[in-house]
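Each of the next two complexes has chain A plus one more chain, namely chain B in the first and chain C in the second.
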Partner chain A sequence: MLKKDKDNVIKFLETNLVPILFVIIIAFALPLSGFSIRYLFNEIIVRLVRNLFLVLALLLPIMAGMGLNFGMVLGAMAGEIGLIFITDWNITGLNGLFLAMILSIPLSVLLGWMCGKILNRAKGREMVTSYILGFFMNGVYQLVVLYGMGSIIPIASDSIVLSRGYGIRNAVNLTGIRQSLDRLLPVKIGTTLIPVATFALIAILCLFIIWFRKTKLGHDMRAIGQDMAVAEASGIDVAKTRIISIIISTVLAGFGMVIYLQNIGTMNTYNSHEQVGMFSIAALLVGGASVNRAKIGNAILGVVLFHLMFVISPMAGKNLIGQAQLGEYFRVFVSYGVISISLVLYAIRKQRDRTRAGIALADAQEVPE
Partner chain B sequence: MSCSMIFKEVKTRRIIVRALSVLFLFLIAVMLFLGGKGHSLLIDNKTVEIGGKTYRELNVVEVKIGRGKEEEMLKKDRIKIETAGQRQVITVTFPGDDGNEKIIKKTFRIKLNEPMYLISLPALIGDADGWLVPFR
Partner chain C sequence: MTFLNRIIEKTGWPRLIIALFLLSLFIMAPFAEVKIGTSLSDTLIRFGMNGIMVLAMVPMIHSGCGLNFGLPLGIIAGLLGATITIELGATGTSSFFIALLLATPFALVFGWGYGNLLNRVKGNEMMIATYVGFSSVAFMCMMWLLLPFSSPTMVWGYEGVGLRTTISVEGFYLHALSNIFAVRIGTFLLPTGMLLFMGFICFLVWAFLHTKTGTAMTAVGSNPVFARASGVNIDRMRTISVMLSTWLGAVGIIVYQQSFGFIQLYMGPFYMAFPAVAAILIGGASVNKASIMNVLIGAFLFQGILTMTPSVMNSIIQMDMSEVIRIIVSNGMILYALTRVKKGAH
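On to the complex of A and B.
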């Protein structure tokens, strides 16, 4: 009985080591930062609204056993291209926001399909492949946006085109759609403004994910996630299902990027998408997800913990050592660190499970004397 | 029904559903484009001459576009209002000759490819044809 309890505690610690570590770091840094609870609550609401959609976009490929989709930056690029077009055409308000989302769909589908095809050729190494694919597509994106837009692709607005006549400026002002979704249905609780419409959209995505898990395609993805060979043997088109999961994730990442940028109000044309994949993945892992298991709850908890650390660490660093920059370094270091820890833990767990299964098999095969 | 016929029927139905979905998205995109296209309206309260007739500026006038904020304008004022969509409603409130408040409400359409329009309030109140002109 005692051994069983001990095993349960060890298993709990193994599964939740990253969130526990984060809670400890936050508990240590929170008093040092000197921020009020009200301020932190405000910040967390803003960060949830800004990032949760992007983090939720990662869930489907995990379900299909493809790990963390670093290729979500492809969708983010598609979302940005949609935003460049609506800014050029001067489409304002919610119309502009939804039009940017629609414009991103064909591009996201194309990029997702391409990504899925490549990942099917790199089974077992999906994460590193999608990570490098993100870098490669970033080059293509820069080529198109820096040289193609304004020369081959017509861009009329002087406010977004570089003075030489082609190429998009480094910063695109999204004043026309700035917080158009966040301010659609604002509810004030105390001093905090809750953007109900954005939360409603996120809730719709959560419901979609829950519903999707129960569909035939969702079951297929889960079967593939559990064992690809068994799924293949049972007649599931593994390659096609994996491609679909990446396409859906890329499309959702495109939508997420539009929601993210409408909240900020300015688009950093050449950098906005670069960190999105890394930070979204880190946030999901901080919430207790792993390479092969992620739930909606992990995404919500992850965004809260990760961004709470983001908010408090510069000030805690400043108050502790006198340099806010240290906190800034700390949060980037933590993002990469969390991903590393999770990957190492996943590998250890996988190895241990394999050993346990081997021992169990050996025990079963042992002939009684 | 043979297996190949069922397969063919499913395939046809799938193509139709996909084509309709694309068409539906395209129509929504067009609607969003038309309804969200931003235009700037320059609203002018200055004396103008249109067709040999002079329309005098008003001492004070209140103007509102659609459901937007009501703006008070004095003599020789010009303001810029950002709007979206081609169909617009302008509401002008001004003191009449008898001292009572008068309200004029007009619906107008603006061209998609014109980013900026000039509205002359004295001409609008005087019911002149050229109260709304593209501004280049």
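On to the complex of A and C.
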């Protein structure tokens, strides 16, 4: 009995190791940073508005057993292309915002379909493949945006085209749609502005995910996530279902990117999407998700913890040893370290579960004396 | 026709396209008023600079650990060797060999830990290797700031603490190898010493793969069940291969520095694994098969394209698309290899 309790404690620590580690880091760094609670609360709200939608876009492929969708940057690129067009056409406000989202859909579907096809050829190594695919498509994106736009694809506005006549500038100003969604229904609590409209949109996505889990397609995905061979045997079209899960994730990532950038207000044409991929995945893992199990709660907790660390670590580094740079390196290290630890823990657990199942089978076959 | 088909089948489309692309670049070069001599010697120099880091892929592929995306770990061992050498005040050609010597224990210790980690995550090596590389680079970013280095050539001038982002190796081991037996004909420069050194290291690896341990290592990669049945300790073989790969990464970066002239710290090694991985794949390797020949062909083709595209493209269409081409070619090649893994091969 005692052994079982011990096993349970170990199991709890194992599944929640990353969030626990993070709470410890934050508890240590928070007083050092010297930020006020009010400031931090404000920051957390801003970060939730910016990032939560993107992080939630990762959930479906995890359900379908395809691991962390590093290919979400494809959706982010589609969202950015949508934003480039509406900026060029000078469509502002909510109209522009939603038009950018609509424009991103066909691109996201196409890219997601391609990503799904490729991942079906790389079963068992989806993550590393989607990761490299992100890099590859970044090259294609640069080819289109840096060389194709303004030369082959007509762009009228001079303000977003490089002075050489083609190619989009490094930074695109999104003043037209800046915080148009956030400012739609602002509610003030104390000194903090809560953008209710954005949160409503995120809530709708959460409801969609909850509802989707209960549909036939959702059940199929979970079955595939449990065991691909069994799912195949029971008549589920595994390849197609996997592609659909990636397509939905890519489309959602495109929407998420539009929401993210409308909050920030300027677009880093050639860098935004890369960072978004890494930070979203790290945030989800910080919330206690793993490669094969992620809930909405993980996403929310993850964004709060991860970005809290992000906000306080440079100041903490500066106050601790006088170098803000150290804190900045620290947060980069933590982002990558978290993903590493989660991947390693998942792989080790998988290997041990296999051994455990073997031992259980052997025990069951033992003849009682 | 069937003969042609067989050749295409054997080399694979992407490799063929890349080889033809490079060939056409060399043919176009004179018309674009690019000096063939300079381009060729640039290609050879870069081939020598990067060759050993490409070679660092071979042991791990042989033992079935997949592509070594964790190359930055080996590079960090090399960086530690290089910075400590300068800190100790060694100068001249001998400092190159001192750097190699000092990097070795780091590489072996890092490789041992890295190998043991990969043994516990079989089947997920490549993704974890990528992140081991990234995390170690990020971790070392903090260490470069904190480690007690004091040599005035390396630390920031005004603060006196923390290493600079780039450190010149002039006066230490700049061109220590490249200048040995260097041949200069007009604009053409042949870095004989560096190429010989690379050949020597390639020979060592080739010889190692033909020893008893080397053969056992290959057996582990191609058929683990068979290897176990014939009494080979799989985990031990894999660890040895990872240690060797890591050490080659360390040697590779020091050779790179002696030609390039600078030690690049902080985020410098971050993306260095990807060109090396792409190069060996272009040379004909796959996720579970690689030879020294693949290294040589791949490093030459890949570096050739990197050298030739900017100059030729620039003068023909007045558009420098070399960076984009590099991204698409290298990652496209990795993507191609990842989706073509034979079923049942682990």
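Throughout what follows, the second predicted complex is superposed on the first by the 365 of 369 C-alpha atoms of A that agree within 3 Å, B and C clash if a C-alpha of one lies under 4 Å from a C-alpha of the other, contacts with A are read in each partner's own complex, and residues count from 1 in each chain.
Convention: a residue touches a chain if its C-beta (ideal position, glycine included) is under 8 Å from a C-beta of that chain, and two chains touch if they have at least 3 such contacts.
Model, not experiment: these values are computed from the prediction.
**Q** In the superposed model built on chain A, check whether chain B and chain C fit or clash.
**A** Superposition check on chain A shows chain B and chain C fit without a clash.
**Q** Once the shared chain is lined up, is A:Thr215 touching chain B (first), chain C (second), both, or neither of them?
**A** Neither chain B nor chain C is touched by A:Thr215.
**Q** Considering only the touch criterion stated at the top, classify A:Arg125 as touching first (chain B), second (chain C), both, or neither.
**A** It touches chain C, and chain B stays clear.
**Q** Taking the C-alpha centre of chain A as the vertex, compute the angle to the C-alpha centres of chain B and chain C, in steps of 10 degrees.
**A** 120
**Q** Once the shared chain is lined up, is A:Asn271 touching chain B (first), chain C (second), both, or neither of them?
**A** In the superposition, A:Asn271 contacts neither chain B nor chain C.
**Q** Which partner, chain B or chain C, touches the larger number of chain A residues?
**A** The larger set of chain A residues in touch belongs to C.
**Q** In the overlay, answer first, second, both or neither for which of chain B and chain C A:Asn16 touches.
**A** In the superposition, A:Asn16 contacts neither chain B nor chain C.
**Q** Looking at A:Gly176 after the superposition, I want to know if it touches chain B, chain C, both of them or none. Which is it: first, second, both, neither?
**A** A:Gly176: touches chain B, not chain C.
**Q** Which holds for A:Phe98: it touches chain B only (first), chain C only (second), both, or neither?
**A** After superposing on A, A:Phe98 lies in contact with chain B but is clear of chain C.
**Q** If we overlay the two complexes on their shared chain A, which of chain B and chain C does A:Asn90 touch? Say first, second, both or neither.
**A** first
**Q** Check the superposed model and tell me the shortest C-alpha distance between chain B and chain C, rounded to whole Å.
**A** Least C-alpha distance: 31 Å.
**Q** Residues of chain A that sit at the chain B interface in one complex and at the chain C interface in the other, please.
**A** Overlap of chain B and chain C footprints on chain A: empty.
**Q** Can you check the complex and tell me which residues of chain C touch chain A?
**A** Residues of chain C touching chain A: 69, 117, 120-124, 126-128, 130-132, 134-135, 138-139, 141-142, 145-146, 162, 274, 319, 321, 323-324, 327-328, 331-332, 334-335, 338-341.
**Q** Can you tell me which positions in chain A touch chain C when the two form their complex?
**A** Going through chain A, the ones touching chain C are 118, 121-122, 124-125, 127-129, 131-133, 135-136, 138-140, 142-143, 146-147, 323, 325-326, 329-330, 332-333, 335-337, 339-340, 343-344, 346-348, 350-351.
**Q** In the complex formed with chain B, which residues of chain A make contact?
**A** 86, 89-96, 98-99, 102-103, 105, 176
**Q** Given the complex with chain A, which residues does chain B contribute to the contact?
**A** Listed in rising order, the residues are 25, 28-29, 32-33, 35-38, 82, 84, 115.
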